[in-house]
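Okay, structure first, notes after.
We call the chains A, B, C, D and E, going by the order they appear; numbering starts again at 1 in every chain.
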Amino acid sequence: ACGSEEPADGTPSSTGTTKVAVGVIPIVDVAPIYLGKDKGFFSKRGIELTLTPAQGGAAIVPGVVSGQFQFGFSNVTSLMIAQTKAVPIKVVANGVASTGKSGADFGAVVVKGDSPIQSAKDLAGRKVAVNTLKNIGDTTVRESVRKAGGDPAGIQFVEIGFPQMAAALDNGQVDAAWVVEPTLSATKAAGARPVAWNFVDAAPDLTVAVYFTSTKLTQENPELVRRFAEAINESLQYADTHPDEVRAVLGSYTQISEELRTSMTLPKWPTQINKTSIEALARLGQSDGVFTTAPDLSALLP
Amino acid sequence: MLIAILETLPRVGVVSARHLPPTSAVAAAFVEEVRKRAFWVALGDTLTSWAIGLAIAVAAGVVLGFVIGGIGPLREFTASTVEFLRPIPSVALIPLAVILFGTRIQSALLLIVYASFWQVLIQVLGGVREVDPVADETARSYGLGAWARFRHVLWPTALPYVMTGVRLAASVALVLAITAELIVGTDGLGKLIGTAQASQAVPAMYALIAVTGVLGIVINVGVRAVERRLLFWHQSVRGEVIPS
Amino acid sequence: MTAVARRLVLILGLPVILLVVWWFVSAGSTTYYLPPLSAILDAFGRKWTGGALRDHVLPSVARLSLGYVLGVGAAVVLGVLIGLVRPVRAATEPVFEFFRAFPPPVLVPVIMLFAGIGDTMKVIVIAMGCLWPVLLNTVEGVRGLDGILSDTSRAYRITGLARLRHLVLRGASPQIMTGARQAMAIAIILMVISEMFAPTNGLGYSIVEDQRTFAIPEMWSGIILLGLLGVAYSLLLRVVEWRVLAWHRGLRRARRS
Amino acid sequence: MLDVRGVKKVYEGAGRTVEAVRDLTFTVDEGDLVCLVGPSGCGKTTLLKCMAGLLAPTAGEVLVHGDRVVGPPADLAVVFQEYGRSLFPWMTVRDNVGLPLRHKKLTRARRRELVAESLAAVGLADAHNAYPWQLSGGMQQRVAIARAIAYEPRVMLMDEPFAAVDAQTRAELEDLIRGLWRRLGVTILFVTHDIDESVYLGQRVIVLSSSPTVVREQLTIDLPADRDQLATRSDPNFAKLRAHVYEQIQAAKRGE
Amino acid sequence: MLDVRGVKKVYEGAGRTVEAVRDLTFTVDEGDLVCLVGPSGCGKTTLLKCMAGLLAPTAGEVLVHGDRVVGPPADLAVVFQEYGRSLFPWMTVRDNVGLPLRHKKLTRARRRELVAESLAAVGLADAHNAYPWQLSGGMQQRVAIARAIAYEPRVMLMDEPFAAVDAQTRAELEDLIRGLWRRLGVTILFVTHDIDESVYLGQRVIVLSSSPTVVREQLTIDLPADRDQLATRSDPNFAKLRAHVYEQIQAAKRGE
C-alpha cells in the first residue's frame, strides 16, 4: 500500500523480481505474511510484495479474479461458496488455523458476565451475533450447540461486524456473540464470558482461512504460485515459532493496544491445510444450507 | 455545546464509555494520532482523492447539467435514465471498481465521482429552469448569442444552485472517499478507521471519525467563502449584507 | 395519440438504447463479475418474482418510505428555522457540516449504540441521509426569498404560521422539491447501506448477500431492481411536484410562452 | 399621527455608500392625504420603507400615533413601487387580495365581499382566478392596490401606485382613492411623479429636494374637497398650484 | 419596415384562456416614431413581444425589413415594462449597459465611451459601479433606457419606459429620445399611458381598443418636427390632438 504508480501485475520486471499484490484483512490472522515480508522470505524468492488491507471478501475476491491482486486471503467457507458458484479461484497455501484447544482458541462465543447462558447448549433459541450470516461463524456455532446437546434450529443469528459486537452485547441487543481476537480479549477484559469454542467444536485443528489465487494465474504462472506458497509456508512456520515477533509485528499494521497484543490468544499457523477439517466444514455448510451443491474440494484445494 | 453533550453522555452512563468514549478520551487519542506520520499521509491521500473526485464530478455535472438542461428534448430524453442511475448506490459498484482498478486511487475516484456527480447534475438542472424569462428575453432581444447568454444569463442564474450542488457534492465526495478507503482499502483516513475498528481501538476510531467531521466543516467554510464572493448580488447573500 | 407515443419514446428511448448496447457488449462476457445481460435478466426473472418480492422488497420499501418522510419533514422544519434566523444558522451550520461529513458506514455503528439493531436504526439512518439535501436546499430557498415579497408580508403583518405557510414554504418550495428529489436517491442508497448492518431482510441485504455468495447475475438483477425502484419513486415524486408546484410551472411557462 | 423626525438613511453596500435621505422632518395629521413628490432617486421609497417599519433609519425616528415605529405598525397598508414582485406568484388574484384579511377577525362572507368589492373597484372583477403572472403590468399594479383597499387600513402608504395604468384608468383610480379617503377617513401618504396627480389628489404636497434629501417645500392645496377630473383640472388655482410644484421640482432637480 | 399583419394572440393557461390581441394590422415606416396607446391590459406588451420575436403570435405575422420575424431580429432593442427584472442583478450598471455591445464589433474605447455617454444622457453618470438592486425604481428604469440607447439599434421598441421617473426627468428623456431619433434615424415604437407624451413624442399615435384588441385609430401628429417642452405643449394644435386621443381612449375603455 505504498501507492506505487506501477501496478502489481505478477510478471517479472527487468530486475528479475516480480511485483505481487495480496489482498488481506488487517487482522491477527495475516500476521505471518507481514512478518514474512519483513524477514525477506518473499524478496529472496524474487517477489516484491504489496499488502493491501481491505475490509473483506467483497473487495478481495473480485480483486483476485480480475487480476488486480495476485493472491488473497479468505476464510474457507467463503471460498467453498465461491467454488460452488464456479468462481475461478484456487487455494495455494494455508492461512490460519484454530489452536484446537477449548478454552484457549482465538475465536469463541461470548455472553455477558451475568448472563444465564452457561454453556453452548443454552444458546438454543437465543440471539447470536456473527460477523457474516451463512458463513463460517453460524455453521460452527450451530455445531457447538449440537455437540453440547442443544437444538441449533431455533438460534437467531444476527449479522453485526466484530467491532460492534461488544456494544451489541452490552446493550442487550444480542444474547451472545461469536468473536475472534482481538475482540475476544477485549470483551473478556470487559467482563464477558466465553461459553463455546466453536472452531474447536467444528473439527479438530480446524483450518479457518487460506491464501488463494485465480485459476488463471495457476495456469499462466505456476512458477510464481509455487514460489509464493513456499514463501507463505516459511512465513507461517516462522510465525508459529516466534509468537513474540508476531505480537510485535501486529503493532505495525493494526492499532491493537499494547496490552491486548500481549494478552490475546494467537491462532495456529500450520503449513499443512487440514483437509479433513475442511471436509467437515463443507458438510456443516451443506447441512445448514450455506451451499446448494457440495463444493468440489479437489478442484479448490491444491 | 455539542462537545459537552458528547462528553457527558458516556460519563453519566447513557452509553457505555467503552463504545462511545467521552470527548476527552477521543481528544487524547487524537493527539496521539497527529503525532504519527501515517496519519498525515493518510489525510493527504484522502484529500487528494476527494479533490480530484470532486473536481471531475463538478465539472461533469455542470457541463452535462447545462447541456441537458438547456436542450429541452434532451432533458426529457434522459430523464428516465437519470432517475434510474441515480439511486444505484456507490457501494453496489464496489466490485466493479475493484475489478477495474483494484485498490488504486481510481477505484475511490469511480465511487466518489459516481456518487457526487448526481448531486451537482440535479442542482444544475434545477437552476437552469429558474432563468428569469424577462432577463433571458432581454439578452435575446439584444442579439446575444448562445454563448453570451449562457455566460451572462444562464450561468449567473444557475450559480446559486450550482453552489448548493457543490456543497452537497463536496461532503458526499468526502463520505465516499472515506467509505472507499474503509471498504475497498484504498489509501487514506478510512483505511485507518477500518484498522482502528478491527483493532478495538475505540477512542482512536472516534478521533479519526471526528477528523472527517472537521474536514467537513473546513470544506463547507471554504465553499461558503467562495459563495459569498460569487453570489454577493444574490438575494440570499445580499439580504444579509445590507441591514434591513 | 401521437403525444402519448412521443412521451413513450422520450421515456423509454434512451433506456432501450442503453439496454441494447449493454446486451451486445456483454453478450460474450466471460468476466466472472460482469455477466452477460441475458444472464442477468434471466436471474431477474427467477429472483424477483413471488416470495422474494414480499420478503425483501416490501420491508425495504416500508423502511425507505418511513425514513424518507421523517427525514424530509425534519429537514424542512429545520431548514426553515435555519434559513429564517441568521444567528441560528451561524450556530448550527458547523455542527451540521460536521455530521454531514461522516460516512454512513462509520456512522451506523454509532447510531446502533442508541437505536439498537432493528428497523428503528435503519429508518433513522435513512432519515439522516435524506436530511442534508433537503435541509441545504430549504435553507437556500428561504434565504433567497424575494425581498419585496417578504417586505409585503411584513407590511401586511402576515406573520407567524401564515407567513410560514403562505410566503416561506411556498416561496422555497421549488428548491425544497429539488432537495427532495436528491434525497430520494440518497434514501435508496442508505437503505442499502443500513441493510448491511444487522440485516434480516431487505433488497439491500439481498444484494450484499448475493455479492458475498457470488451469485453475481442475481446481484446485478438486484441493482437493476434498485434502479427501477428509484424510477418508481421519482414518478411518485413528480406527481407530488405536479401538485405542489403547479403555480411555478405555470409561471415559467407563461413567462416563456 | 405620522411623525417623521430627522430621518436620515445611509445605505452602505459593496463599495458604494449612499446617503439616500439626509434629514427629513414633517407630519401627516390623522385623516390627511399628503402627496410626496421629488426627483427620481431622492429617497421616497426609502422614506416609505422607514415609515412602514421595514427599514431602520440611520438616524431620526418615525412615530405613528405617537409610538415609535420599530416594526410594521398595525392597520397600515403599503402599495410597493415594485408591484410585480410584491404579488405572490403562487396565489391567484383572489388569494393575493384576501391573504392579509385572514388575520383580521372577519367572517368568511365579509372577507369574500371585501375582496370582490375591491377588485371590482380597480376594474378587475373578471380576473379573480388568474395568477399575477397571467396579468399585464397595469393589471398587476391594480391587484396590489386592491389588496391595500380591501385591507381597510387606517394608514395607507402608496409608492407610485398608478405608474403602469392608462390615463383613463388612472383618473378612475384617483377618484377611487379620493372617495375612499373621504368615506373612511384614512390617512394617506401618496408618492407620485405626476405633478397634476399630486395636486389633484392631495390636501398637501410635500416636495423633496434631490439627494442629499431634505424637505424642500410643503404646499397646502386649497382646492375644494369635492374634486372632479374636468372641473378641478380646469380651475385656474389648479394651474397655479401645478406650475408652482413644477417649478419646485425643476429647482430640486437642478439642486438649488 | 415594421409590418404587423393580422396578429392575434391567445394565452392558454391553467383554466384561463385570454384572447389578448384579436387582430392587429399596421405599419411603421423606416425612421418613423410611432406611439402606441391603449387601455391597461389591452395587449400592448404582448404585441411588442411578438414584434421582438420573443413570443409567437397565434395567428398573423410580423415583418421586419420584409422578413418574417421568428426570433429577435438584429439591430433591434427593447426596453421592457418590467425594467427591474430586465436588469441583471449580478452585473454593475456599467456592465449591464455594456453587455449588448460586446458582440458588436467595436473597439474597447468606443464601447466604454458609448456606455458613459448613454448613462450620462439618462442622468446616471455617477452610478456606473452600482448594482441594479442598489438603485431606486426610476434609476433602474433609466439604466434599461441607457442600455437601449448605447446599443444604437435601428429599431427600438419601448414599453412604458418613463413610467417610474419624475416629471422633470421625464421631459428630459422625452427630448433625449426625440433628439436621438432625429439624429440617427432610428425607427421607434413607443408604448405609453401618458397621452400628452404620446402626442408630444410621436409622429403618429396608434390607439388600440380594449380587449378583444384591434386598432382603433391611427392619428398623424402634424406638429412641427422641432418640438419644445414649453412651446409645443402650449400649441393649440397640441391641445386638440391631445383631446382627440383622450376621447379615443375613453371610448376604447368603455368598449365602444
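Everything that follows uses one rule, which is that a contact is a pair of C-beta atoms (placed from the backbone, for glycine too) under 8 Å apart; a residue touches a chain by one contact, two chains touch by 3 or more.
Not measured: the values here are computed from a predicted model.
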| item | value |
| --- | --- |
| Neighbouring chains shared between chain A and chain C, ordered by label | B |
| Joint neighbours of chain B and chain A, given as chain labels | C |
| Two chains sharing the most contacts, counting C-beta pairs only | B-C |
| Averaged-CA centre spacing for the pair chain D and chain B, given as whole angstrom | 49 |
| Rounded Å distance, chain A centre to chain E centre (Cα mean) | 82 |
| Whole-Å gap separating chain B and chain C, where each centre is the average of the chain's CA atoms | 16 |
| Residues of chain B touching at least two other chains | 19, 95, 99, 132, 134, 182-183, 197, 205, 234, 238, 244 |
| Residues of chain E engaged with two or more neighbouring chains | 11, 13-14, 82, 85, 131 |
| Of all residues in chain A, the ones touching two or more other chains | 58, 62, 65-66, 161, 163, 167, 171 |
| Residue ranges of chain E touching chain D (in the complex, touch as defined) | 11, 13-16, 18, 37-41, 43-46, 81-82, 84-85, 129-131, 134-139, 142, 160, 163-170, 193-195, 246, 249-250, 253 |
| Complex interface listing, chain D residues touching chain C | 49, 52-54, 71-72, 74, 76-78, 80, 82, 85-91, 99-100, 102-103, 131, 133-134, 147, 151 |
| Residue ranges of chain B touching chain A (in the complex, touch as defined) | 16, 18-19, 45, 94-95, 98-105, 182-185, 187, 191-192, 194-201, 204-205 |
| Complex contacts: residues of chain B adjacent to chain C | 2, 15, 19-20, 73, 76-81, 83-92, 95-96, 99, 115, 118-119, 122-123, 126, 129-130, 132-134, 160-161, 164, 167-168, 171, 174-176, 178-179, 182-183, 190, 193, 197, 205, 209, 212-217, 219-221, 234-236, 238-240, 244 |
| Of all residues in chain A, those that touch chain C in their complex | 57-58, 61-62, 65-66, 78, 81-82, 85, 87-88, 132-135, 158-161, 163-164, 167-168, 171, 173-174 |
